[in-house]
Every structure is written in structure tokens, then in C-alpha cells.
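Residue numbering begins at 1 within each chain, and the chains themselves are lettered A, B, C and D in the order written.
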């Protein structure tokens, strides 16, 4: 029941978690303030015989204060969000040295096409793997998301990345893993009866490890 | 409060008497104006979709006149405008208490309105024979949905007009109480206005 | 009041429309199954056709399946999992559907076999990979994997269905009401799982086992044209005369290229 | 308009209101044109659908708490839904879809707009009935077939709609993807019919509030519940046709093969999301504004003190009504639309958080220096304020687009929407039903059982929905049938079990409310004329009010919340009470 975000392993983790904790602080304070005031008023001003409530219609100064305070706080959060949002989702912010990968989402599987040794998609040495995403630590990846049938959503909790894959659209999403290890990828948009089964493993290798895997992986001819 | 029943017959065309001043018009007229607000949003949804799809996928549409018969529909549009004119004439004559004029113009409006629907049904049959069906593509889908629902609204309008005409023949309307005529007139002008927009963006572009 | 009537009418249409369909799919409706009225269904005769389906030439390599993401199924294979598209064991070809293509008296109706045709999902593969069934006969779909399989059948003449079996040991029965040449069946959770079903108006069919052998029983005397169909290698036909109560043999051979 | 058909005593405008009642049983209680009877008819229908939505929620919680284990009483379900009591994934998707659809369209919306819109508007503004009584009756009797059509969906081939209550294309429009064909079609037709019923209701409410306010009932003397119902009626009027248009296009895609949302032939799946959420966000304000208005009334009554900042509360309602149209994109940050749109929708969403904050502070201000009576409606209203605060605050996490990247479509969103819908609207509905029950039925609901139900509901409600925030923060995706498939969700499965058990207890507690509601109908204590000593016009007529409501047109002399006024000894001052000369009719406005 913790309010801390689980351990993350991508460059976005720093930016998103910091903003989340900031909002958690702000809303936490607001929450405690309101609920304590509420409980205090309930106790302090409960009905007692012979007592009459104060005939009071409100106070414009208070109204202006709490309206402007709320407005300022939300605008600050908005400004802080806009920069991060553009860095993460901006269409022109994909780092040039990112490895291109195509992930084709279909009902209840992720078909991942790797560029192969030459690092370029569309060449003969590309190979496709079912529901396995293998990455190199520290190497940014630029994923081209396509979908064959329904809307799926490419969601890796550990990398704090989520992007819907919409049939008929090619959507680019990029991220950069920072820790070797094994993580999970799930589908976050209802896409039919097997929506809960669209699980894929995400393995972040060191460079040599990845090359070794890619070499013997390319040898296997994978069925369509 | 004096018993207000006595005033009941004379000023039924005014907003409800003895109440806080509201919109200054009687309930049915205000109700129709508000209802037309919801109809505007309904056609916004359909026409908005058409515009978005056409901007995103222009090749699905053909040049004007290639698939759709513009001349016949132009005449049809003229007919619908005429029916608005006859509606105004009907409304003017009931205001002057000219009940026979009211009946005459109402019948004219009903006839022209139903001719409009007839021509549209004929055009649909002709188009479907030519193979232009809703499942043909975006062009067919948007065309039939928009013009189909407009035709549906015109048909409802004609049915209500027939009902108003029938009550006119019963002598229900007079110079002092012509609410039915005015309310259906509002609806009719709205439906005519929507067609003018539809005719331009569907047939002429 | 007018809207109320329309609403009411819509409601009755939906309710009886719903009711009617429901009965059609699950329970076998014998009346619907038999094609033409024709003579009353006869008892099963004694004749039968047996034989083997041979395969000459080198068997092509079956594609390997990457089941690494499905540990429960991967565990059921020692080596790499192969998709038995062309299942050849010492020269014999399995997964071939054989059935009487013509020669049955026209308009003759046959009793629907009571025992269901079973298609088993084991090791994330369909066993058998192809099968035939009579219209109206129960198709029993069994899931022997502790893993979700969904069975999506997309026939054109029959009603398509898309059902799921999340737990091991689950069985679901469905019936096809009208004969259809090819009903593709697939599992969307495992993209490599494919199967084909042919729905026949009569009960004379069989699927060749791993040893390539098959028997079609209950045939009345007469000469028939038997067709053997393999999902990848195509079809072959052969005409056979069946005695009143004996067995006729019919051996098919498929080649690597397959005509 | 005076009608000559049938019974004589049709309500006449402006004339003597109350007549001898000569209508037959059917005209009086079944096909009645009396806004009070229609209000009660909506109440019964929506409470039934609320219960049904709750049952669906219990099956969902069983499957999430105890995945793939046979459900007790599960055997009653047919083999296509739960063979051997084990819920199937496609049935689970139908459950999720129908739980959302029933609760939003057939429980909360009719309860707020259909029941209290119908019952309170004429009474609180001093009108004899709605502007168009027969259209009002038609509005209910069109909603009934819509309900049956939606129920029929469970019994058709392929099961009920299974694409979420938002029914995203292309899953919703292609039966080969979802395995559902007739169910989705029935879902569409039912909502189109319900849309017609809502539109008929909304222009009726708007005309009544504008044109039929009693003399003296100026716009700024309207109770806040009527203000919120007025703005809500405008939102319904303008939003429901968009939904009808969008669903008609979806229905055509499914039936006659048009290509609005199918990507294969040029259609756009995002277009459905835009259309749905352009309706969807005003819809969620339709689901909360009446609750806010009625909570304001009840809190002012409970605190025996005028509402803090009446004018700013009205401006906040209008602000929410207007800004509500410009924020729909925040449901679609991840949908693949252009990211720069994400920034603009984030800004408009941040702006709309301000009016909600104003309302919360004003409710607190109302209770400040009050003389608070803790009657059962007041308990629910206070719970509404505290729970709505949590819902509002959790909304800010989602408005911040980078944080939304992580929590979109997770259980954090489910927690947020249940805090505003259950914690917000449903607590306000419990308050409103208990508060106006004596006016509707002439009897009081038992205060003891009301308190038992309140405390148990409050506890179990928080036990169910508060941990969902933590599930969401852990990455638990929405609408998944069996969370144990994911290793990173296995450690949080005990939370799912806790939520499920609390949910069963929460459902059991609602049976207390149901019994209290039904038993009090016959055995409840006779209601005094003004049980809560409220200022509203509805308490100046007998309970239940006769057909035509007021013997003579009431005259309004002051604002609705003149509690603890120095000019009278009692601590309440009804709006229509005439004071002797020289006594100001309203205090100087803040």
C-alpha cells in the first residue's frame, strides 16, 4: 500500500517521478488541510442548545485568495509538466542515434522486428521475435508502433512509458533503458478477450550480451 | 393573489402570467428554440465528422457532379426554400386572422416538403442502382448519414405539418392563438437552413 | 405516446430476435441439419474404406515455433517446438482429411453421429491439425494447457464464434449448422495455432493418424470418389468400389512438391 | 396550454393550481404527467439499475480478487458466460462494459437528472408542474424501453457489448475482434433511445426554470440545487445529441458497413474517441453538478447557516459548465493524437480544477461558524465533500501530462472516477434521497438505520477504493481479467483480495439502505410538515404535494439560505414567508 512509485529503469523515471512526488506533496497538503478543517469545524461548530449559527454570507477576500492560490498552483504544475511532456513525447525529440525497432501489436501478441546487425530496418538481416523486447543498456530505442486489429497500448511500467498503438497509424515512441535486467511489457487498452494476456518480457542486456543474443536469434527462422 | 383564471383565455400567447419574467416568450416557443439547440449539436457531430474525414482523406471524395446529380438537387433545394416561404406566408396569414389563407399555405408547405423528400428518395434509389452505397467508402458513408438524417428530420417535419394543418382545419388557430403554427414554422426554417449548409458542403464542394 | 409504441416494438423485435438466435447455435437442430427432405435416414451399412497415406521424398522441415513466452507449453517439448504442418513419420503422412466427395445417392440423409469430434489444444498446438465434421454434429473443443486459448472460427455460411478457455481441462461444444468447405480456426493468443475444419452433409470421413492409416466406416455398397485433403500439400481424389459389408482399400501418396 | 382532451383538470398556467383529482389509477400512477410521480418512477427504475450495476461489480471483484476460481452462485450463469462458475474473459469484458454503462447511464444520471431534476425543479421554483408535462411523461416512458434493450443484450448470441463503456472503435465496431455482434448493436440502440429521452427531459427543464419561476424567485434567489440542475440540463441538451450522432455512426459501421471508424477504408479510430469524449467530459460534469448543488442545499441546512459565497458558487457552476466543453482531450493524452494537443488540453484541464476547488472551500466556509446538526443527509453531504476532495485532488495527477503517461488506464484512474462518482455523486444521492424522502412519501426514513448504513458504507467504501490508488501507482492496468499473469502484479494481489472482500461487504451494506427505503414507505414515522426546518418552497406544501403543488402561486421574498437570520427568532426563514414592513428581505450580499 505504498505511495512510492516502483523502481524504474529508464531516463524518463527521474523526470516523471520527481513531478509525481511534487504533486503528491501539494495534493497531500491540500488533502490534510481540507479534511482537518472539515473535522475541526464538525467538532467546533456542532449544534448545541441555545446556540445560533453566525449569520454570515461569505467573504470575497477569502474567495479571491483561495481562487488565486489554486490557480497559481495548478499553473505552476502545468508549466513544469509542459517541458517534460515535450521532452518525452515531442515528435521531434527522438535522439538521432536511437535504434529503430518496429513493434506490431496484434490481438494478444507483440511482434517485434529488430534491425539486425546493420542497424537499419528494411535490410535483409532484419528478424522478428514474438513478444520479446531485447534492448541494450544506455542505448536509446525508437519504437514504431503499429497495430493490426484493435487499439492496444504499449506500456512498460519500469520505463514509465505508455503509448497507444492505433490501427492505421504509425506512432513513434522512444525511451532509453538505464539498467540491465528483466522487466515486463503489458497492454493497457482493452483490446478483446485476451487483453490481460498480452504480456511480453523486456530484457535489457549489456552490448556484448545483446550481440550474442541477436546473432543466434537471427539464425532461427521464426514462423509468421 | 387575485384568481388569475379569468385572464386565461386572452393572453395565452404571452409568457406564463403571474410568474417571474423569463425569456419573454410563451413556453412552447422557448422549448422549440432550446430543442433546436440540441439539433444543432446533433448535426455538428455529423458534419464535423464529415469535415474531419474529408480533410484527412480527401482522395475518397469525387469532384462535384461526378457521382451526385447536382442539377436535380439544386432544384430540390430551391423547392425547400420555397417551402420556407410558404411557411412564412401561412404564419403571416394566421397572424392577420386569415384562416383560409393559413390552410392554403399550410397545404402548399406540406406538398412542397413531401416533394422534397420524394425527390431525395428517388435520388437515393438512383444512386444505389449506380452502386454508390453507404459501404462504398467514406464518401458513401458520410453522404448517406448526413443527408439521410436530414431527410428523416424533414419527414418528421412534414408529419407535424400535416398534424398542424389538420388542426387548422379544425379551426384550432386564430389571430389570438397560433402557437402551433409558429413553433412548427421555427422547426421548418431550421431544417431548411441545415439543408442549405448540407447542400453546399456535400454537393458543391 | 407514439415514441412509447416504437420503443415497445423495438423491444419485442430484439427480445424474440435474441431468443431465436440463441437456440440456433448451441443445441443441434436436426431438422435444420439434413439438406434436402429426401429418404428417411438409413441405418449404418457394413461397407468401409481403409488405407494409408504415404509420403515419398524428403519431408520438408517444419517451421520452429518460438514458445519462449509461453513457459507452460514450452515445457511440454524436449527439443524446439515444431509446427507439424507436414507430419511425416517413416514415410507416412498424418493430418490428412479423407472424405467421400461423390457417389452417395442424391438426397439421402444420414443420422448425425452422436459421439462428438474432439479437437484438443495440447502444447499450444491443435491435435489434430485438420478435421472434418458433419453438419449438426457436436464439435468438442478441449483445452489441455494451463494457459488461455481462444478459439476463433470464421466460417462464412455458418455463424462465426470466438470463445475463450482460460483454464486447463475446460471443454466447450459448438455445432455447425450448414455444410461448408473450409472453416479456418485460429487462436489469437498464440499466433501460430491454425486449423481447418470441413463441414460435410454426411458422416463418411476420417483423419489420417501419425501412421498415415485411416478408415471410413458405415458406407453402403457402391463406387465412391474419396478425396484426401492436406492443408499444405493440396488434394488428391481416387474412386473406390465398396462391397456390401467388406473393406475396400485406398492408398494415397503425396510428394514433397504436392500437386 | 389548456387541453380539452380527456380529463378536465389539466393544470392551467397561472390559474388556481390545485384541482379535484378525477384521474384513473393508470393516468395517476402509471402514465402520469405529474412531475412528482415521474420523479418517483425514475427513482425506482434507477435504484433497480444501481443494484444491478452493483451485482455486476461484485462478479468483477470476485474475478479480480480470486482469479479463475469458481464463483459462489456462479453455477446459475450459462456456459457461454461462466462454465462451472469460472468467469470467462469475454464475459469479464462484458461485465466491465455493462457495469460502467448501467452505472453512468441508467443509475447515476437518471437518479440525479431524472429523479431530482423532475421532483425538485417545479417545487423549488414555485411552479405547478413542468412546462410540458406530457413530454416529461414521454421522457420516462422512452427511458424504460432503453433499459429493457440494454438488459436484452445479456441474452443474445455472442454475449453483451464488451468494448468498455467508452466502446472504442475498432474493437466495438468489428464483431470478429470482440466476438460480440448483437450485444453491441443493442448497446448502441439502447443509448440512442436513452439519448432521445434525455434530450426531451433537458429542454423541458430549461423551459420550466426560465419561464415558470414564481414571482420574486429572481435568478439569484434560486437554490444552488436548481442552478446546478439548470446548467446540467444545458449540458445534457448539448452533449447527448453528440453521443447519439457518434453512436449512430458506430451502429452504421456495424450494421450497414459504413467506414467512419474502421481504419481499413480510411476511417479514423481516433475520431470516435474525439466524438465520445467531446460528449464524455460534459457527461461527467452532468454526473457531478446536480450532486454539488444538492449537497450545497443540504450543507447549508445542516449548518443552519447561509451558503458561503452564494454568487461565487453560482459562477463556479457556470464556469464548470462552460469550461467542461474544452477539456475532453485529457482522456486521450496517450491515444496517439498530436502531443502538442496534450499541452493545450492540460492547460484547460488545470483551469477547470479551479471552480471545483472554489466549491470545496465554500462548502467548508458554509460549515465554518455554523450550528451543525448531524442528521443523516448532513452526514452523507459531509462525506460527499471529503470524498469529492480526494477525487478532485487525484485528478491533478492525471492533468499533469507526464504523470499521466504512467498512470493512464491504470487503477489510479479507476480510483479517481470512483471517488468522484461513488464518493461524490452517490453519497450526495444518499443524502438527497434521505432528505426529500419525507416530501416524496410523507414518511421519514429511519435515522438509526440511516446512520448504520452511512458509517458502514463510509468505511467499506474507503477500504474498496483508496487502495486502488496504490494498485494504480504500482502499474496495475485497467480492465484486465487476471492480474496474476504479470509477475510485477503478483505482490499486489493481496490488495486485490482486500478490495474484493470490502466490496462484498459494501454491497451487503447497501441492502440496509434498500430495506430502510422500502420499509419506511409503509412503516416510516409520519413526516412533520418541515422535518429538516428547511427554507425551500417545497416544504411550504403538504407531503406528498397534491397534483398542481401550490394552492395559490407562492411569492418569494428572499434568498434560499437565510438561516439563523437576525430578523426572526427561529434559525430558518422560508423563502415565501412574508415579514412585517421595515424588515429587509435579504441581507447585504457578500
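The rule is simple: a contact is a pair of C-beta atoms (placed from the backbone, for glycine too) under 8 Å apart; a residue touches a chain by one contact, two chains touch by 3 or more.
Computed from a prediction, not measured in an experiment: that's the story for all the values here.
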{"item": "Length of the shortest touching-chain route, chain A through to chain B", "value": "2"}
{"item": "Chain with minimal offset from the mean of all protein Cα atoms", "value": "D"}
{"item": "Chain centre separation (chain A, chain D; CA means) in Å", "value": "31"}
{"item": "Centre-to-centre distance between chain C and chain A (centres being mean Cα positions), rounded to whole Å", "value": "45"}
{"item": "Centre-to-centre distance between chain D and chain C (centres being mean Cα positions), rounded to whole Å", "value": "51"}
{"item": "Separation of chain B from chain C, taking each centre as the mean of its C-alpha atoms, in whole Å", "value": "58"}
{"item": "Two or more partner chains touched - positions in chain B", "value": "none"}
{"item": "Residues within chain D bordering two or more other chains", "value": "88-90, 178-179, 267-268, 481-482"}
{"item": "Multi-chain contact residues (two or more partners), chain C", "value": "148, 150, 162, 164"}
{"item": "Chain contact graph, described as a line, ring, star, complete graph or other shape", "value": "other"}
{"item": "All pairs of touching chains, each written as two labels joined by a dash", "value": "A-C, A-D, B-D, C-D"}
{"item": "Complex contacts: residues of chain A adjacent to chain C", "value": "106-109, 111, 129-132, 192-194, 197, 199-201, 220-224"}
{"item": "Residue ranges of chain D touching chain C (in the complex, touch as defined)", "value": "68, 79-80, 83, 86, 88-90, 138, 141-142, 144-146, 148-149, 152, 155-158, 175-176, 178-179, 182, 186, 189, 193, 196, 481-482"}
{"item": "Chain C to chain D touching residues, read off their complex", "value": "1, 3-4, 7-8, 10-11, 14-15, 17-19, 21-22, 24-26, 148, 150, 152, 154, 159-164, 166-167, 170, 172"}
{"item": "Touching residues (chain side chain C, partner chain A) in the complex", "value": "63-66, 68-69, 83, 148, 150, 162, 164, 188-192"}
{"item": "Interface residues, chain B side, partner chain D - complex", "value": "1, 3-5, 7-8, 12, 15-20, 22-23, 25-28, 30-31, 34-35, 37-39, 41-46, 48-49, 52-53, 56-57, 60, 134-135, 137-138, 140-142, 144-145, 149, 179"}
